[in-house]
Amino acid sequence: MVVISALLVQSLQMAVVVLLAPLLTGFIRLIKARLLRRRGPSMIQPYRDILRLLRKEVVLAESASWLFRVTPYLIFAITWVAAAIIPTFATGLIFSWTADLIAITALLGSTRFFLALAGMDVGTSFGGIGSSREAMIATLAEPSMLLVIFTLALIAGSTQLSTIAAFMTSPQVGLRVSLAIALIALIMVAVAENGRIPIDNPATHLELTMVHEAMVLEYSGRHLAMIELAASLKLLLYISLIACIFVPWKLAALGEGPSAYLVGMLAYLIKLAAGGALLALFETATAKMRVFRVPEFLGAALMLGLLATLLRFVSRSL
Amino acid sequence: MTPLAGLVACVAALLGTAILAVLNARSGRSTPVVYGASLVFSGVALVTALASLAAGLPSTGASALVLPVGLPWLGSHFRLDPLAAFFLTVINLGGVLSSLYALGYGRHEHAPHRVLPFFPAFLGGMNLVILADDAFTFLISWEFMSLASWALVMAHHHDASNRKAGYIYIVMASFGTLALFIAFGLLAGPAGDYGFAAIRISEHPPLTAGLVLVLLLLGAGSKAGLAPLHVWLPLAHPAAPSHVSALMSGVMTKVAVYAFIRVVFDLLGMQVWWSGIIILIVGSGTAVLGILQALMESDLKRLLAYSTIENIGLIFVSLGLALAFKANGMGLAAALAMTAALFHVLNHSFFKSLLFFGAGAVLTATGERDMDKLGGLIHRMPVTSIVFLVGSVAISALPPFNGFVSEWLAFQAILQSPDLPQWGLKILVPAVGGLLALSAALAAACFVKAFGVTFLGRPRTIAAGQALEVDRLSLAAMSILAALCLLAGILPGIVIDGLAPVTLSVIGDRMPVQTDIAWLSIVPIAESRSSYNGLLVFLFTLFSASLTAYLIRRFASRALRRAPAWDCGFPETSPATQYTAGSFAQPIRRVFGTLVFRVRESVDMPAPGDLRPARFAVEAHDLIWEWLYLPIAGAVGFAAEKLNYLQFLTIRRYLSLVFLALVFLLLVLALWS
Amino acid sequence: MSGPVLDIAHMLAGGLVLVSMMMLYQDRLYALLNVFALHSLILTLSVAWQAFVQDAPHLYVTAAIALLFKAIVIPVVLHRMIRQLGIHREIETVVGIGLTMLAGIGLVALATAVMLRVTPQADPLAREDLAFALSVLLLGLLIMVTRRNAVSQVVGFMSLENGLVLAATGAKGMPLVVEISVAFSILIAFIVIGVFLFRIRERFDTVDVRALDDFKGRRRK
Amino acid sequence: MSVFSSVLNSDAVTAVLVIPIVAAALLALLPGYRMPARLNVFASLLTFLAALSLFVTGQPAPGQYLLVDDLNIAFIVLNAFVGFTTSIFSASYIAHELEIGRLTPANLRFYHAMYQIMMFGMNLAFVSNNIGLMWVAVELATLTTVLMVGLYRTHEALEAAWKYFILGSVGIAFALFGTILVYLAAQPVVGEGYDAMVWTILIEHAAAFDPALLNVAFVFLLLGYGTKVGLAPLHAWLPDAHAEGPTPISAVLSGLLLNVALYAVLRFKMLLSANPDALAPGPLMMTMGLVSLIFAAFMLYRRRDIKRLFAYSSIEHMGIIVFAFGLGGPIANFAGLLHMVMHSLTKSAIFFAVGHIAQIKGTQRLSAIRGLTETHPGLGWGLVTGVVAIAGLPPAGIFMSEFLIVSSAFAKQPLLAIPLVFGLLIAFGALLLRLTGAAFGQPRGSVMPADASYIPMYAHLALVLIAGVYLPSPLVAWFQHIANLLR
């Protein structure tokens, strides 16, 4: 009986995650528009875009191989799996024991790996630009992410998200400098990974500046839909990751009644809205960096991660 | 017929095949015969080793054998214990698959008589090193292995760079062996009891233990490719035929790791904790430097050789951790670190052999090693590209393949470091963790480049355009390796439990049993701490991918049209506009290269109206080669030049030399007390 | 060996060392040959005296060889060869005469210092005799090393050989002395013929590779 | 039986001496080329069989002049074997030299006679119990090689012979002076006359000799015979003698003559170490060995002539052997003996190959010799195996001896072992550099097939390769007995 209910909760999480992702993207675009004193498209515009794309015909380049056609499904599936493991409204999900935080980072790494390959598959220079810049960003973002995970693992004594969330709500955590530094580093990495404003502008298609867009330049129709959905899913994943680690209150524990799940769901929606709003605010406040200033930005993230780990080591309390 | 006797018989058979191959090297059909024979003998050795490992040889009562060969008064001792059994499995698996691959690939060899006799000798030498149980047999098979691989590197001797690579390789191998001579001289002591059993019993003062460790780092480290001594590896490995490069990179470097583990962990027993620091620094330095060099390469086989250096760095970091934990008495953590190291040894032999086989297939199909002359091979060589993709994903440590599991175990070992008492280690381990993460990310970028530039996009030359798929045997060998990579990634529990007797015999402790954990996931220390389930992640991904595909097929449109690439509206761009290996690595080179290789990029843009073509030049320096090896070569040359005058003196001056020697000796006698 | 016998042998050996020092001083070839003849004469006397003292008849043969071969034949042959081959009479020394003399004195001091350690229980004659023999040997070698032209180096070698014969005859009852002195005479004959055969005019250096023109610059070795 | 064996044995010793002399006399008379060459080979074979018979029969009591003990049997057998194989090689080498006219039948008669006299000289040196007789024998062997080095009558050959002759004479003078000093040291203890020159008597009373005299004697003997061994400051004659003389002579020089002088040095080292308060010979020999090793290692780099390259390699290996005997102790002495035997076999094999290569290519310049394994596989791979063996790579015997020397050196004298390892590495680098150049790469120079005699070369290399892995136990026991003898 317990297993069935756990499975139910898990499938609920998977459904919720997929449904909320476009809404979150739409909400962020709406907030940015309103901050710029524009009406902006409605929140549900991303749903319409995805459905439109699903109906359209796929225009495939002649030199594209089978990898080009398989990648969108693979990227969406892996991102969906990663998102399904991160606790959103409830911890102790049945699948969360299959992969810890390091595995989730590695899963996201493989999505980047395949996307970069897809970018180079068609054999155009823009795909090359996107892939090589994505590779450069990844070489700095992933180590910073892992250093943040080291800090959390050393403080909470585990890399399992449920245990970390439980530890964060327990009184032992207290106010720690290394946690604050880790949060900043995690936010910088999240911004870089999702290709938000300081690193890459999700809105424009300007060849010289784009990173993420360049790789998916050749995609169309249902493939593009899959990739757009995966991108927004990834954004949701990062925000729920930050929420689960640093704002873990009101997460329903395993086996509690439906009321706890409702409360958890509500809290999660509030966290998402807050996160989206903060991101929109952050994006309108800063301008996009030149590509070769990105290494300094991510280098700072890497140093912060290392500092957090070292501080954590230096004394138990800090 | 104990397993050990069987193994020694297989080695003797391999050496016999080598001698036979020498005799009828010229005849046409000797290629399949030799490779078939080495396939059979390595196969038998593989089964024996695997059986004895699985049967769980008691680490103490391992079977031993003495032959009247070798040092006259000692005879040569052979011993099979779990550590030897594991490394024999790795070697002979590599041997079997490279023989299988060579059955197909060998036909294209235009000078078979230079490769055939030395291939079985090379395999036999490696097996002997693992089986040896006394210093002399160990060293003679070690150096025989180097000699056989030198001969293989010199197979294509018409190319001057191959000759240079062979020369540098054999000189550095000899340097390593002399370091090992000294190490075993110190271990055996003045009485000269060279048997490993005697060395284990005799007590070694900490200073000698430290010195032996450093000498091992020089000897075994130079063969494995640790940082300052790695310069020969990217020259020699690509120079050999591909199935030999796979053996050298995938398997011979592991023999060096075995030598390090056997002497430092088994013979020396207790170690001082600061020796861990040396290994950690050297290992992490090697890892980062190796992969940065790989990123700068545009020659596919040299790229793979440099990536071997990176993986060896990872293995030595795990070994350093194991040493540090063992020195502080943390048995469980040491066992975890050692298992991570051994797991990575297995993984690296899988995917590196696979990648070198792939490079060999590309070389046979296009006759080209330079990535900038390839491209679009995925259309012409479908199976090779799939298998190469599996290898690239595995080596970039991405789930669900095996590279990720050993990386994950290494990170779990690093996360045990707060319990270490010493300050130095406490600070160093996270920094090393950071470097490992950096090298893993760089590896992923490197293999995106390797696969992307070689297999994807449009063919850059006619040769790449007309490539044909390689023969079935090579594909079979590569597919087996790809399957092994996936299997080891999905079912890591079985491999970890297989390694348990080895860690028990070497560290004296083992990881908790993994196979009886629910759903086949692995839990290194505690459930709450961390767990990973390769199988479920793989199935979960497959399920969600197929679910999505079904839904889209069911509801979305299935229309599809082929058209010229959009490319932001630029019509028919030539294949030259594609990203090449150099341009792909340009952002990373700009970030890391200026510091590590003193990279200078110079763009010479002509003024408008000037007909000169624009010039772009990248100037990079291999600092280790320029600051360590060239000065040494220069010094030797200078000394040789100066001493050379002594050859052209007059008779009178030679007489004055004799006269001075006489007067000097008489003075010594006069002054001698 | 009572006092006076010891003194004479001693005096003759000392005389030999003195003449060796004189040879160092010569800077003319003809003078050098004459001094060498004197050197061999004193050697003959010393060997004859030893023969008389040790009443060993075979030593007379050595004395005769020394007298006939080295005191007379060799100097005359060399004399004529110098005139016939027109060898330049001036002896080119590598280092100044003064410095060579100093070196010679140093060598004699070294020889005596080395020999002083020999314990007195060996009979005293042997100890002094050896010191002198060693000095003559070292001086002979010094001559060979500091002279540039071939003839003076041959003379140096022969004086070295005289030192050896002195040592050999000094050792009482040593067998094979005659055979050894005969062997050495043949050796010297070979050298003199060699010098004549190769027409080595000026110095050993002429035979040396670097001086010969067709080898210049092309260091083939 | 003992009577018979002693008779037979005394025959063996006399046979070892008489056969070469008789052969020399015969060869001096026989005109032409075919017959003398075969006789030369047959005589060497007889000498070799006589030497082997020394094994079988017991050792005769050391006489006034002759002595046979374990130490010199090893040297005699090695000497006879390499002499025999070199005579086979010289037969085919001389045949070719005659074709291209570098040698005339006239000086062949001289060549074969000198060859056998040299063998006689060497055997006499090994067998002689009287240190004066040993001096004469060594001198005779050197004189004959001087004449043979000058055989080609070219300017370089004469110049090399002249240099060898002058330096040799000075060396001989030192050795004689040393022998006289030993006699003088022995005379008060042993009494006058022959007894004071007989080695077996000397070794018994060595403890009572005057230490200072012994020290001076050892210095002169080391410098005297050291010149013949080719140790560093005294080596000047060796490279030119090897390069300019006919190749069989280079093989014999490298393989055997250096061992004769080394044998003499060992005999006197045993004398010295028997006297406790005399100067220990070890450090002196070790320093000279190291100087030779490192000096020769550096000289290998700039060599342009292939025979001069291997001449310097002989100096280097002699340095290692003298270092090993200087180190002392059972392991090091065993290693020294093994290294000496292996070096003789390998170096003569290399010179066999180099001889034919020089004939085919018509020159000895390394720059003109390329891609041998391509054009002449038999010779090319023979040269590769030889150089690999001499450089100390397994499975050759030299690897085992170098392993024993380095590890025992490190266990006993770590400070001295570091320059040893440094020298070995430098020499290794030079040898392999030249081998890579000569044996591999694009073939260059004439490609005419070689009608070379491969039997002696591959016989030697087979022995060396087998010895690297397996040494028969009687041989090992015998070598260990000698090692203890040498102390």
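To keep things simple, chains are lettered A, B, C and D as they appear, and every chain counts its residues starting from 1.
Note that a residue touches a chain if its C-beta (ideal position, glycine included) is under 8 Å from a C-beta of that chain, and two chains touch if they have at least 3 such contacts.
Remember, predicted model here, so these are calculated numbers, not experimental data.
S.K.: In terms of C-beta pairs in contact, which two chains are most connected?
M.R.: Highest contact count among chain pairs: A-B.
S.K.: Could you work out how far the Cα centre of chain A sits from that of chain D, in whole Å?
M.R.: Once rounded, the distance between the two centres reads 79 Å.
S.K.: In angstrom, rounded to a whole number, how far apart do the mean CA points of chain B and chain C lie?
M.R.: The computed centroid separation for chain B versus chain C comes out at 69 Å.
S.K.: Measuring from the mean C-alpha position of chain C to the mean C-alpha position of chain D, what distance in angstrom results?
M.R.: Chain centres of chain C and chain D, defined by C-alpha means, are spaced 31 Å apart.
S.K.: Give, as an integer number of Å, the spacing between the C-alpha centres of chain D and chain B.
M.R.: 44
S.K.: Listing for chain D: what residues touch at least two other chains?
M.R.: 162-163, 166, 170, 212, 215-216, 239
S.K.: What residues in chain B touch two or more of the other chains?
M.R.: Expected reply: 647, 649, 651, 655, 662, 666, 669.
S.K.: Where in chain A do residues touch at least two different other chains?
M.R.: none
S.K.: Which chains touch, pair by pair?
M.R.: All chain pairs meeting the touch criterion are A-B, B-C, B-D, C-D.
S.K.: Going by the contact rule at the top, pick out the chain B residues touching chain A in the complex.
M.R.: So the residues of chain B touching chain A come out as 375-376, 378-379, 389, 393, 396-399, 404, 407-408, 411-412, 414-415, 417-418, 426-427, 430-431, 433-434, 437-438, 440-442, 444-445, 448-449, 451-453, 456-458, 519, 521, 527-533, 536-537, 540-542, 544-545, 548-549, 552, 555-557, 559-568, 570, 573, 575, 577-579, 583-588, 590-591.
S.K.: With touch defined as at the start, can you tell me which chain A residues reach chain B in the complex?
M.R.: 14, 54-67, 73-74, 76-78, 80-81, 84, 95, 97-100, 102-103, 106-107, 109-110, 112-113, 116-117, 120-129, 131-133, 135-136, 138-143, 146-147, 150, 153-154, 157-160, 163, 207, 217-218, 221-222, 225-226, 291-292, 295, 302, 305-306, 309-310, 313
S.K.: Spell out the part of chain B that touches chain D in their complex, as residue ranges.
M.R.: On the chain B side, the touching residues are 68-73, 135-136, 139-141, 143-144, 146-147, 154, 157-158, 160, 163, 166-167, 170-171, 174-175, 178, 181-182, 184-186, 188-190, 192, 194, 636-637, 639-641, 643-644, 646-647, 649, 651, 654-655, 657-658, 660-662, 665-666, 669, 672.
S.K.: For the complex, give me every residue of chain D touching chain B.
M.R.: 162-163, 166-167, 170-171, 174, 212, 215-216, 219-220, 222-223, 227, 233-234, 236-237, 239, 279, 284, 295, 298-302, 329, 331, 373, 388, 391-395, 399-400, 402-404, 406-412, 417, 421, 424-426, 428-430, 432-433, 436, 440-442, 468-471, 473, 476, 480
S.K.: Enumerate the contact residues on chain C facing chain B in the complex.
M.R.: Those in contact with chain B are residues 94, 107, 110-111, 113-114, 117, 138, 141-142, 144-145, 147-148, 153, 203-205, 207-211, 219, 221.
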